[in-house]
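Both of the next two complexes hold chain A, though its partner changes from chain B to chain C.
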Partner chain A sequence: MLVCLCASGTAFAATVQVEVRTPNGEPLANAVVTVSGPSSSPIATPGKLAIEQKNLQFHPYVLVVPRGASVAFPNLDQTRHHVYSFSPTGPFELKLFASGETRSVKFDKVGTIAVGCNIHDQMSAFIRVTDAPWMAITDANGVAAIPDVEAGSRVIEVWHPLQSGSQDASLKRNVTVTANAGILQSFELAVRKPLKIHSHY
Partner chain B sequence: MFTRLRTRLTLFYGGLFGLALAFIAAFLYPMVSAQALKSAKGQLEATSKAFERIEALQTHQLRESAGISATDFGFRSAVAMAEIDPVTARTALANLHRRIGVDIAYLILPNGVVVSEPSAAELPPELIAKLMADETDHGALVLERSAYRAVAAPVLAPDNIGWLLVGARLDDAQMRSLASLTAIPIEAELLVHRGSSWMLTARSAEKRVEDVDQKARAPENDAIIEDRQVASMDGNDIRLQLSFPIAVALAPMMSLLGILLATGLVGLAILGVAAWFLARSITRPIAVLEAATRRIEDGDYSPVQIQSRDEIGRLARGFNMMVNTIEERTRTITHQALHDRETDLPNRQHFERALHEVVVESGYIYVGAIGIDRYSQIRDAIGYSNAASLVAALGGRLRERQMLAAPARLSGDIIGIAFVARSEAEAVLWLGETVTALELPLEVGRQRIDITAKAGFARLSEPSAGGQNPIDRASIALDQARKAHRKIAAFDADAYGDPVANLSLMGDMLRALASGSIFLVHQPKLNLRTGEYDGVEALVRWPHPERGHIRPDIFVPMAEETGHIRELTEWVLAQALKDQATLAAAGLSMRVSVNISGRLLGDPWLEQMVDRLAGKGLDKLCFEITETAVMNDPDRAMTQLRLFAEKGIPISIDDYGAGLSSLAYLKMMPAQELKIDRGLLAGLTANGRDTFLLRSTIDLGHGLGMKVVAEGVEDTQALAILQGLGCDLAQGYLISRPVPLPDLIRFLKENTHQTNHSLRVSQ
Partner chain C sequence: MKPLTVSFAFAVLAPIASAQEASLGDVSGMLDFRIGGADGESSWLDGDFGKLGLGGDDRDFKLDARLARGVLVWRPSLSWSTDLYLQLEVDPEQDDVIGVGEAYLRFKPLPSGPVRYSVRVGAFYPPVSLEHDGLAWSTTHTITPSAINSWIGEEVKVGAVEGTVTAPLADGQLSVTGALFGYNDTSGTLLTFRGWAMHDHQVPIGGSFPLPERTPQYWSFRKRQAHKAEPFREIDDRVGYYARAEWRAADPFLVNFTYYNNAGDGRSYEDLQTSWATTFSNVGFTAALSDDFHLFAQAMIGKTDWIPLANAPIPYVDDVGFRAVYVMLDRAFGDQGVALRLDAFDTADRDQAFSYNSTPETGWSVTAAWRNQLAPGLLLMVEGLFIDSDRPSRTADGIAARQSQLQIESGLRWEF
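Right, the complex of A and B next:
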């Protein structure tokens, strides 16, 4: 395990850097990394809370949102989409809304929502609803850097839509974050190959 | 074993054909059966490959059906709700099941929970584990007692919220349709390995599965097996087994072999019949030839009738020609065997045969032997070939007479004839005429020849002749005629004796000499001047135990012929000396005359004999030798006689006047005594030619310085005449018969001192 200290802009806080790799050592992108624990500051979400439909794909593939957040589904394609989710955490159905329209769905439960389009099977996205105050998604290098994590005893949790085993499970690790002392945690997560979508019809 | 050519030929051809058939069958069987098996194997392999394709197609179809269903929005939403609302999920599954028409349909949730219809069998946990591990998504599957082809399609919403597993049953109908892909009736079975045995889940055969539930995989030697492992979803060992019974595979070939066998047998039968006919056509002429050769053995030379132009025909023609030649040669040989070569008259053998066939109605059959007198002289005079012509001409003359058989040449100068006569007298008469006719002069080679002939004859079947051949009897009769100087003579059995017994006579004689049963008798000689008995002539007597007295003129000539005359002479000389000694002891010293065979005269043996006995009073004997004995070899005889004379042995000339007389020899012979033959005394009267001849002879003897002895004096008149003529000694029955020694001694003692001429004689 490699631990590295990083300077942080916030007093009594530090940046937690998490690196996720597959057992083969390959960097794993799109892994959701959350750090939970008591927080004194408002929850900061990384980026917009939206999943666009563009070029018959959802963007981003994985979105992490705090509980109670509303996620927008802007349709940037020329075609209509029928966005849905059967996930018990937050089932919804946005029936055939046209190009340029944006619909929003509010998610009140913690968990995973698998999002698909009923008329375009290859379109898939996941929304992870969390209570954790700090969250991030690994980049192409499999690295997620969460700044301004308040010092204290924290739990780092790593989840990936294609992870082996249960969809609801996640890797958790207790860490102690010291003010102004950034940490780097490495996780190893086995993933399935993405399911091939038969698009011959 | 098979002595008939026909049988052998038939069997040979039939056997050859059968062998060829067997070879063809033996060659074809493995080839055809291997081909049949290979072809069946090929069919099975093709079917097996077809199964693979069917498998792929079915999998594809199932996948499509499952894929479409799994993406149905409503179905997906039901699946997503399955944990909360399992009833909806189950009914949705049942609906989908009916809609896509599969045999089984299951929904497997990511947590391993299986949603299925109530009647459905439970899925094996291994399958669920494999699905979860993403290790399988299609393949064969065994549920309870059935196998299925199954495909698992993920239910995506859009992530994997479960698997839809659908399957089509691999049932008997499938196996049947698979089996029906081939032209040959194969059997397709699906087997699942269960522990140590195999469970049959489906089969193409129209039988209930229960019957062969625990069927073991068929052994290789019963059937051709194509075994294929079927990819399974659940890890079961599932096999598709295609089989084709070898018996069925070989059945067409068997029927082919059967046809081959049947045609072969029919062919064999046809060939057998054909070979039999062919062989018969060959052997029948041969049998004809064979029969002909047997006929020839029996003397039938008729030609064989074979008209064919082939080798056998040529053989038959050659055979006939050969038979002709043989017949001709046989005829020639037979003719030569039965005819005399010089004269072409029938020979003795021919004559004998002819005699066997002669039959007469009355009278007797006679066999005659006509002998030409002096034939050898005639032959020397006119030559052999002329002599043969002469005999042939005589044969021709004889043929003119009434003959029972063709006249045959029995030997050089004897011609045999057969004729009929009522009696012996008539035979003599007839034969006399025949001989007379034969003696007519004839011309041979421009020479006129006079011949004379004599004939002997005998009855063809003479009761007393025993086993003697009539030709032999006739020939003997001819000999007897010649000896007796008679023209015609009948066979005289008594004179001839018993030839069979005569064969043993000499042996008997030698034994008699040894045993003393032969003895000497003596006939005294009366001195006509002194009235004294001056000497005796010793004569041999042989009383045979079986044949009675055997006359010397029978056994002496035989002894001369066989050489036993030596033993006889030796014995006689010895006995004469003994008897003389006995006489001397009785005071009757006198000369004993002994007859010496003419055969022995000139024989060195006689000289040795004389030398041996010289010291034993041989000079008191007298050797009586006939004049003719000297004539055979005069020089040697004379030399020997002179030798005897020198030794002091007196010589007497015996039987003088009976045969040919030579004054020249008489003059030369150193004899002291001349014995006049009894023939000169026959019919002796006081006057006449006989008396004159006798007187001359007596004077001749006296003139040559010899005493003259007369033999055969049988009456007193003869004795008186002889006395008157000056004969010195007389011998004969009038004086005394030849008597044994004791009688002689008695006789001599009684008459010794008579001095006058009134002799006491037995009248």
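Right, the complex of A and C next:
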């Protein structure tokens, strides 16, 4: 039994909780939080690796995936979508016919992929590809909880698709994770607020 | 462009697209039911000077219930980058109860970088209105559009080739649009003979609207102008143009500018419809004051000229200037929302060539609307609109130059 617990890889780990807010103090959802550093266990990705097209929107708006992962693009609408990205990190084009059609894209480079639909200009999503072993996205309260981060020196990185300034930048902080002692780190990130109004022309 | 022309385009282009690339596309639509009424003078739709879609019964408040608008929109694709937009309209108040609203072919290649291109060919409205952001050029904040966009809806539909380039710029986005057009030579006729109005009737392709029957201009204009305006009409075979730039900033606001010139020669006429030389500039501004609180504003200034006698020397032109502005605040509360809009407008006889002081007017309006999205696709709206205007040509109709009206309307809009 004792051997078993040690081998699970969680005995020397802790939960890293990250809270992201805007300079106004509002919680910031959809921020990508990664924790990097040497890891002995396989990479755990949160949730399923898919971006759905539903009601002429992408769901989720932001996805974080490990390098080399495949992301599925299921079309749940009754209409066609022409999903594409021209980001150098992973350019692709998918012609998705009505309802039910799914195709996948594999992402082999670390970076950001801006995803759009050529038929519906208002559709927008972002994929962040990372080498970090631990990753999560902040919820509506601006909080991301990453369990089972191995003890040691770690770097927490925070990124948001609408962050002010360069899209390639990110907030980084060195922390020490101690076994069985959860930590809470707070970050502040200014974001742009583009108009949600779109024209039909 | 006539429906026949569009069908022809489809028949020619369909074989070019491979069977796999083409798609019958979606059909969507809308039915808009109204109960409402107004006091004061009769509506301009009845050949009077009333500025609203509804009017009084012997000046008393008159209530009626009706289907205000029915729409079917069909968007088949010829390929992944080319689709067709076809909008059929039902408006029981118009001479043409059934008509084609907009019909165009859109080409939008897949972007290979941050710069995007698109081209439209067909019959459509120039992108001027900030209020018509709903399905099939419908308003979403109020039932009745502003004076500026009521006029766009009735007299500024074009048959055009239009190209747009959109590129990211300094954390924001810049769009530049240019178009060459025809079929809008009579634009300005309603503004001259009737003046500004506020209503949601849209001109179908080939449609017409009445002009005030007893306006004194007809004594001098009757050889050139019927008692109706046909806004979607090519008369002088000259090519008009419009150009537009829109800047969407990183901060939540956008600003745009449009210049329109129908290049009308001001002297050609046929079937008692005349080519007016009409130009205008429009500035639009939208800002999100918070996530749920938006400000919209537009200002327009323009002029329209014609040469009353075909052989008259060029300096003898009739020159009507027009201006209008509105500011609207919109606050959303979940599925509900309220909007408050102030409008001001005027027209001026700039060279005083028209007799009987017949084209100038000044006016203003306040509109308040409440909306409730009862269910997806089911929108309830209630609106009160007050309008006050001074137009001396009303005296030819035996009524006082200054008139005001109150219109109260509720609408239930079903989109499918």
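Here is the rule we use: the second predicted complex is superposed on the first by the 188 of 201 C-alpha atoms of A that agree within 3 Å, B and C clash if a C-alpha of one lies under 4 Å from a C-alpha of the other, contacts with A are read in each partner's own complex, and residues count from 1 in each chain.
By definition in this document, a residue touches a chain if its C-beta (ideal position, glycine included) is under 8 Å from a C-beta of that chain, and two chains touch if they have at least 3 such contacts.
Quick caveat, the model's predicted, so the values are computed rather than measured.
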{"item": "Chain A as common anchor, with chain B and chain C clashing or fitting", "value": "clash"}
{"item": "Which of chain B and chain C A:Met123 touches, first, second, both or neither", "value": "first"}
{"item": "Contacts of A:Ala69 with chain B and chain C, given as first, second, both or neither", "value": "neither"}
{"item": "Which superposed partner A:Arg80 touches (first chain B, second chain C, both, neither)", "value": "second"}
{"item": "Chain B versus chain C as contact partner of A:Leu28, first or second or both or neither", "value": "neither"}
{"item": "Chain B versus chain C as contact partner of A:Ile156, first or second or both or neither", "value": "neither"}
{"item": "Which superposed partner A:Val115 touches (first chain B, second chain C, both, neither)", "value": "first"}
{"item": "Partner chain in contact with A:Lys95 - chain B first, chain C second, else both or neither", "value": "second"}
{"item": "Residues of chain A contacting chain B in one complex and chain C in the other", "value": "84, 86, 116, 118, 192-193, 195, 197-198, 201"}
{"item": "Chain A partner contacts - residues on chain B that touch it in the complex", "value": "67-68, 71, 73, 76-77, 79-81, 83-84, 110-111, 134, 154, 156-161"}
{"item": "Residue ranges of chain C touching chain A (in the complex, touch as defined)", "value": "23, 25-26, 77, 80-81, 83, 108, 110-114, 120, 124, 127, 133, 135, 137, 164, 171, 248, 250-254, 286, 288, 291, 294"}
{"item": "In the complex with chain B, residue positions of chain A that touch it", "value": "84-88, 91, 114-118, 121-124, 126, 161, 166-167, 192-193, 195, 197-198, 201"}
{"item": "Touch list for chain A against partner chain C, complex", "value": "78-80, 82, 84, 86, 93, 95, 97, 116, 118-119, 164, 192-201"}
